[in-house]
Amino acid sequence: MPQHDIRADSCRIEAFTAERMRNPIPAAVNALVEGFKNGRWTSHIEPVPIPSKGEVIDLIEQAQCILFPGFFAKDILRPENLDYHLGRQLSLFYENLANQISSAIRHDCFRHNQACILCNERSYEYAAALIDSLPTIRNLLETDIEATLTGDPAAGNADEVIFSYPGLFATMIYRLAHRLYELNVPLIPRIMSEHAYHRTAIDINPEASIGSHFFIDHGAGVVVGATTTIGNRVRLYQGVTLGALSLPRDAGERLRNVKRHPTIEDDVIIYANATILGGATVIGARSIIGGNVWLTESVGPDTRVMLEPPKLVYIGEKGEQ
Amino acid sequence: MPQHDIRADSCRIEAFTAERMRNPIPAAVNALVEGFKNGRWTSHIEPVPIPSKGEVIDLIEQAQCILFPGFFAKDILRPENLDYHLGRQLSLFYENLANQISSAIRHDCFRHNQACILCNERSYEYAAALIDSLPTIRNLLETDIEATLTGDPAAGNADEVIFSYPGLFATMIYRLAHRLYELNVPLIPRIMSEHAYHRTAIDINPEASIGSHFFIDHGAGVVVGATTTIGNRVRLYQGVTLGALSLPRDAGERLRNVKRHPTIEDDVIIYANATILGGATVIGARSIIGGNVWLTESVGPDTRVMLEPPKLVYIGEKGEQ
Amino acid sequence: MPQHDIRADSCRIEAFTAERMRNPIPAAVNALVEGFKNGRWTSHIEPVPIPSKGEVIDLIEQAQCILFPGFFAKDILRPENLDYHLGRQLSLFYENLANQISSAIRHDCFRHNQACILCNERSYEYAAALIDSLPTIRNLLETDIEATLTGDPAAGNADEVIFSYPGLFATMIYRLAHRLYELNVPLIPRIMSEHAYHRTAIDINPEASIGSHFFIDHGAGVVVGATTTIGNRVRLYQGVTLGALSLPRDAGERLRNVKRHPTIEDDVIIYANATILGGATVIGARSIIGGNVWLTESVGPDTRVMLEPPKLVYIGEKGEQ
Amino acid sequence: MPQHDIRADSCRIEAFTAERMRNPIPAAVNALVEGFKNGRWTSHIEPVPIPSKGEVIDLIEQAQCILFPGFFAKDILRPENLDYHLGRQLSLFYENLANQISSAIRHDCFRHNQACILCNERSYEYAAALIDSLPTIRNLLETDIEATLTGDPAAGNADEVIFSYPGLFATMIYRLAHRLYELNVPLIPRIMSEHAYHRTAIDINPEASIGSHFFIDHGAGVVVGATTTIGNRVRLYQGVTLGALSLPRDAGERLRNVKRHPTIEDDVIIYANATILGGATVIGARSIIGGNVWLTESVGPDTRVMLEPPKLVYIGEKGEQ
Amino acid sequence: MPQHDIRADSCRIEAFTAERMRNPIPAAVNALVEGFKNGRWTSHIEPVPIPSKGEVIDLIEQAQCILFPGFFAKDILRPENLDYHLGRQLSLFYENLANQISSAIRHDCFRHNQACILCNERSYEYAAALIDSLPTIRNLLETDIEATLTGDPAAGNADEVIFSYPGLFATMIYRLAHRLYELNVPLIPRIMSEHAYHRTAIDINPEASIGSHFFIDHGAGVVVGATTTIGNRVRLYQGVTLGALSLPRDAGERLRNVKRHPTIEDDVIIYANATILGGATVIGARSIIGGNVWLTESVGPDTRVMLEPPKLVYIGEKGEQ
Amino acid sequence: MPQHDIRADSCRIEAFTAERMRNPIPAAVNALVEGFKNGRWTSHIEPVPIPSKGEVIDLIEQAQCILFPGFFAKDILRPENLDYHLGRQLSLFYENLANQISSAIRHDCFRHNQACILCNERSYEYAAALIDSLPTIRNLLETDIEATLTGDPAAGNADEVIFSYPGLFATMIYRLAHRLYELNVPLIPRIMSEHAYHRTAIDINPEASIGSHFFIDHGAGVVVGATTTIGNRVRLYQGVTLGALSLPRDAGERLRNVKRHPTIEDDVIIYANATILGGATVIGARSIIGGNVWLTESVGPDTRVMLEPPKLVYIGEKGEQ
């Protein structure tokens, strides 16, 4: 029976090819290990802890459950059990946060070749300081929700905003990350803001300073630079950049810690895709910046700045374009 | 041996600091509980169910498995077992969807202080209505895939489109969310569209009306407002905004339920970053809107609108800029 | 006792409604099964394997652990155990990658109605080829990190960049996907780049060619088309499009495999939201393209191109706008 | 090239066999569905809830965390946070337990064709009653731990007992299940005791009555029948059966609810593999029953009962046995 | 400040000890690898698949869901959706079972150095054969449930039996494993029966032959040897051994495949801890074997065998024993 | 419409009962917290780590993967990658084991109120010592497998033994736990042996001393006491107890650390359910102890001890028994 033979042959072929199949791994291991030895930035091959991105994301989700328990907690909540729930959730958050902060600090000491004095104690202090701030952050977020409901006709009610507005989510993360930045906690604020960016395409540097009643609509492409200052009741639409003027090739070193981003005063509205650049640029209170506007100088208060509409060319369609 | 002593001392220090480490939690619990009592929008601390964001995302993934079983189902499929697979998957989807809809309705009743009459029955009716529509939605998505293959030279084949085109993913979610919006299901459509936004940076309001053969290329930053109407065979590129004209500060209340977003007729193409605003703005059939164009008034059919190119300044590079 | 009666009645009602509740599933199953039979693109209802999106995402995460073990590996690493860790991780990656490639190839054969000759062997060869390239990719990524630190004043140190820069993440995925594209592996490169897009809103087609020291800042909305060529030390800001000129309605078929996207030479900087289109467009070395610039023709080397600023209209605010 | 041909052939064979491979599933589905229709005991194919074995096991683990938080809780505990932890854990336990009890009751109503009057309310009442008893159960378990330390020279300390003594684990489950049995909760007590049996090979019927300071050593094969009564400070070794006399063939129906198992008074010790049978059999206080003893009649207090040792035969070993 | 110094010293000590901490792993790796090369039975270090214990346990749980869907299925079942559920569940079971059988066969071929002819096809045939038998197995299990209800006064109803009787669980696994043994599937039957043993402490060899209406009460320690034959309506209590006579030291080789275990005819009852040994021993129909009886020879039908009760010694308790 | 009214009433009833539903949790929390304060053995409410039962079970599974990688490793193994696999697995095992040992030691220090000197260093030393022993343990287990194949006619091949023999599993855990006991690691050995008991109903105290070629058949109910000594090539059947003579009521304190269990010399076979008690009892080499034998005194070498068979009573069956 030919069927039988063919199959047996095919088995032999399989065996043969399995044998000759080369093993690429030892060479790659060696080359990579060599690379890590010589690499300038990519090592960290030592048992010194380093914050875990996954854990930091978990912390954000825990904070969201604490700040909006009725929306995101998995437990069934009742008023009389709420303090148990929050107390337990905060205890958990406290230990996890202190743990990640401790990794961040130890790692920073290691990178700077410093002894780690009372690192564990400091971690708990910083974590406690963030917990102290949570009620304030919650109150701020409530003003942000109010601003959203006031400003967006598509927002049916607060539930929709809390559940589904990327702007609120990014603002919540900013407010947490900013507090940690104020406490000089290394690394973690940036990991947090990256997570906000990944989820919302909104990029708010944790160093920025932002007032109450903040509302970002849609939000994809919004960039808020590190040295930006934003007042109260400010509203941003998608694609707004609050950035630095054009940067020299070695900007990374020359401009670190210099005020490079604009100041936005109270009650300003900035429409979609407007770009405002420069550390000396101030947008005065109650001003309105139109869509697509490109600004590199200051604007007084109560001013409306619009693009003089570029000319459009209308062509009756004919053939392929 | 000094080593021994030092270590013992260090232990004592640890004990000491552990003791004095303050416990920030009770104060935070009390402040937060107080806040929830007074907060206007952030409570929901009662055992009334509320939809779960995680469950709604699961529903989307289940729907994707039902609509494209050959691509996303984890089971091994064979033609003769397909109806078992779909039947079981739909049974699951039916119960889960009814469950989430029931939470949304009950919560809505609770928020409006209404008695919940036949809530459970209505949930099953709505869920059944969405299931009735799934074959139609599948057919529409097939036209969307066709439009993608027709319009994008980078689309190698339908598999790549189904697996990896964010535009198709956002469109699928829109079509599901839109049907639930038509059924007056609260909250869930917005949670769905937020998920689409989170995954694709494309923001299509579930209230918008969109025809067949819809194709969004790249898509980051696309915004389609709630009262937009889009015809058949329309193509959008990244960053296109179909939005409202500038909004008063209290837009949230004054403009709810007013037609605020444009109408796009059949066969229109809108290139990247074009902005079309206003409820009275109509783009006529077969027209083409160029990249970066900013439009607040209507365009007739068969018209091509381009930006008159703004002048560029060319400077030979010298020194730092 | 009236209470008892009412409740019993209510039970009877429940039973009644449960009974009459219609079952929408059989009809939907039939309609969907019918649809899959007739659908042009949505079937794959056969036990021929197809790559799993989830598995491909896992592969990306495994690669990230291999390329930056000190940052993302879950194991505690020590220098003396590093080769065990990498060797095991690569062995795992090798099998999983070969597995997914095999599914992609088999599926491609099936789609083209070809016999699958030595598919398994070829899968291992391709997987081995990618593993061979990992040290090179690691070295390239090190140049990308260097470019980020050089170019971004907000980048505190390499750790922040590796942990939290979406640009680096998108670049890493591009470099992996591009190598698989070079090996003619079907489907998987596009699934990878979609994942990058989903996480970062940066859309780099795996077919594009990109040199060393590549830096994308912020990045939301960046689009790099399939036939783009990018030199060394190029820097892009958010919203930059390297795209095709306007496309005919049937572009999908007519322009596949034609050079449609620009060429960017070494050391070019392109600021936010600039748009550069066309296969013949070349940006000369060391040139700088300003924000919002729209370019469809070539620019010589050492040139700076800026938008002549459109006129702004300043209106003292009065009443609602 | 023969290699090529063979392989192609082998592919064809694969295709061929895949085709002819029969599909056993539709026939099995039909036969099983038919069986469920006619089966006397195996249906439950209706959307009436039924307790979930997995959930009941989770409840046991939650109870273990509540009763021994320092040993099994996953949270880091501190004295000042303990009440948050317990409060939250109990809230969770309360909802889950009420949920399972509700399923058990509803299912019982369904099985007996009764209307389900206030089932939900009763579930919460029963769950609350078990929670009321938890402090008492904890105190009883503390006496069981004390008895273990007193009686077993191999028990190094209480930690070992709590972590690793199957007897204590089975006793804990018995004490929980017994309380639920007292409350007339259907089904769940037996599911609990089965889990104890599965983990420890100790089979204590939840209907049995057992005093304080109870200690089972090793425990495999211990059987304590439903109508057994056990006093305080009783100690059992492995393989002890407290059972019924030989049963008629139709025992299931004739002897339900009749006292069939022995009574063990205070301070009795029963050594390994002893068998004590019959509802009228009473072992008087402080008596000691030797290993392997088989007893079907009562023994007074302060009595020691030993097996008169059966004769042993000693044979010098020669050849095979 | 002494505090500071001590801490710094302690840090130095830590660094010191971390350094000198020896790395035991390379030596252990080498010794183990050496051992695997020389080991007679412990290798299998090759990419030939071997069944996965975890997967086999999953198969058992899937089968339990198929045989008792109303009790263990996680889906909500309704009569009209039952065939979807079963069809999908069986499709899954079919693929997984064929997969594990294929591993078992391939591994057997590998161990015996045989070519693997049509292994994949045979796996599907065997899996289909087991699926063909599932309705019959279900019917047999229904008789086992009936026997339990008839024989055990403590069994309140069929639900308790199905949910919580270890005897029924062990019998279900036996019936599945026995069918696979009949099909000559290697390895998997024993992995299944080990799982039954692990869960129930009941050890039924899959080669044994057991009739309908089989009931094991309690069950811990029950052993049913490979060549045992058991008729219909047989009842066993805990600790019953149906075993081989004493075995020579090299029994493993000399007695493989010889009838070594007893034959139990219809309607026999065997009470707790009875031991019946030998391949020629036959217990005649309707006989009853008392507790603790030790039998190595045959018993006619309708006979009752009891232990003549050994003498007990009663001692009034005095002082310590 | 009566339907509507009834339903509304039923809603009111629900509201009413929800209100009056009492909250049992605060009282239970208080009572439990009070209990933990006063409890003698059940506290551990402090942030001092304590070993995790779950982690210890994971360690056992990791060890099983290291000792039998071809059987239990989830990775696909190839000879050339084996050392990577083992090295990584051992690195993981090393960290985890040191971690658990550290918790056990710290907890022991805490319990005895001792300062914890170099606890971390000692943990790594003990973990390294166990790793040093793994090759020896692997060799011992190979002799145990050989003994199983030699002694059990039902053991088809080594694969079945490794995959499914509870005796081998219990022996593996004993050999690991015994080594940790020798190193004076607290708590963990007992947690390990409890896991063995839970899985196999075999209870071997980690303090016992057991030679090579050890084989336990079936095994349910086997008890090997803490001060037992077992030679090489010993075989035990199910239900064998190697225990202590009857114990005074306060045995726990009086007999700790006294030799209380028998000594079994080389090549002894002990059949099912035999009981051998007492610290002075020695079973001489090559002796055979029959089933059910009860021994409290020594037996010379080369002796066979059988029970003189107790008389059986045969009654022709008539009517109910």
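Each chain carries a letter (A, B, C, D, E and F) given by its place in the written order, and its residues are counted from 1.
Note that a residue touches a chain if its C-beta (ideal position, glycine included) is under 8 Å from a C-beta of that chain, and two chains touch if they have at least 3 such contacts.
Chains and their UniProt names: A, B, C, D, E, F = Serine acetyltransferase.
Small disclaimer: the values here were computed from a predicted structure and weren't measured.
The minimum number of touch steps separating chain C from chain F is 1. A rotation of 120 degrees, rounded to a multiple of 5, brings the CA atoms of chain E into register with those of chain F. Of the two chain pairs examined here, B-E and A-B, it is A-B that is joined by more C-beta pairs in contact. Two copies of one sequence, chain B and chain D, touch each other mainly through matching residues, since over half of the numbers at the interface are common to both.
Measuring from the averaged C-alpha position of chain B to that of chain C gives a distance of 19 Å. Residues of chain E in contact with two or more other chains: 7, 25-26, 29, 47, 76, 78, 81, 83-84, 86-87, 90-91, 118, 201, 220-221, 239, 246, 249, 273, 288, 292, 307, 310, 321. Only residues 66-72, 76-79, 82-83, 86-87, 90-91, 94, 118, 120-121, 124-125, 127-129, 131-132, 134-135, 138-139, 141-142, 145-146, 148-166, 199-201, 218, 220-221, 238-239, 246, 248-249, 269, 271-273, 288, 290-292, 307, 309-317, 321 of chain A touch chain B when the two sit together in their complex. Within the complex formed with chain F, the chain A residues making contact are 23, 25-26, 29, 78, 80-81, 84.
Chain C contributes residues 3, 6-7, 9-10, 13, 75-76, 78, 81, 83-92, 95 to its touches with chain F in the complex. Chain A makes touch with chain C in their complex at residues 17, 21-22, 24-36, 39-47, 50-51, 53, 107, 111, 186-187, 190-191, 193-194, 197-198, 201, 203, 205, 207, 220-221, 223, 225-226, 239, 241, 243-244, 246-247, 249-258, 260, 273, 275, 277, 286-288, 292-295, 299, 302-308, 310, 320-321.
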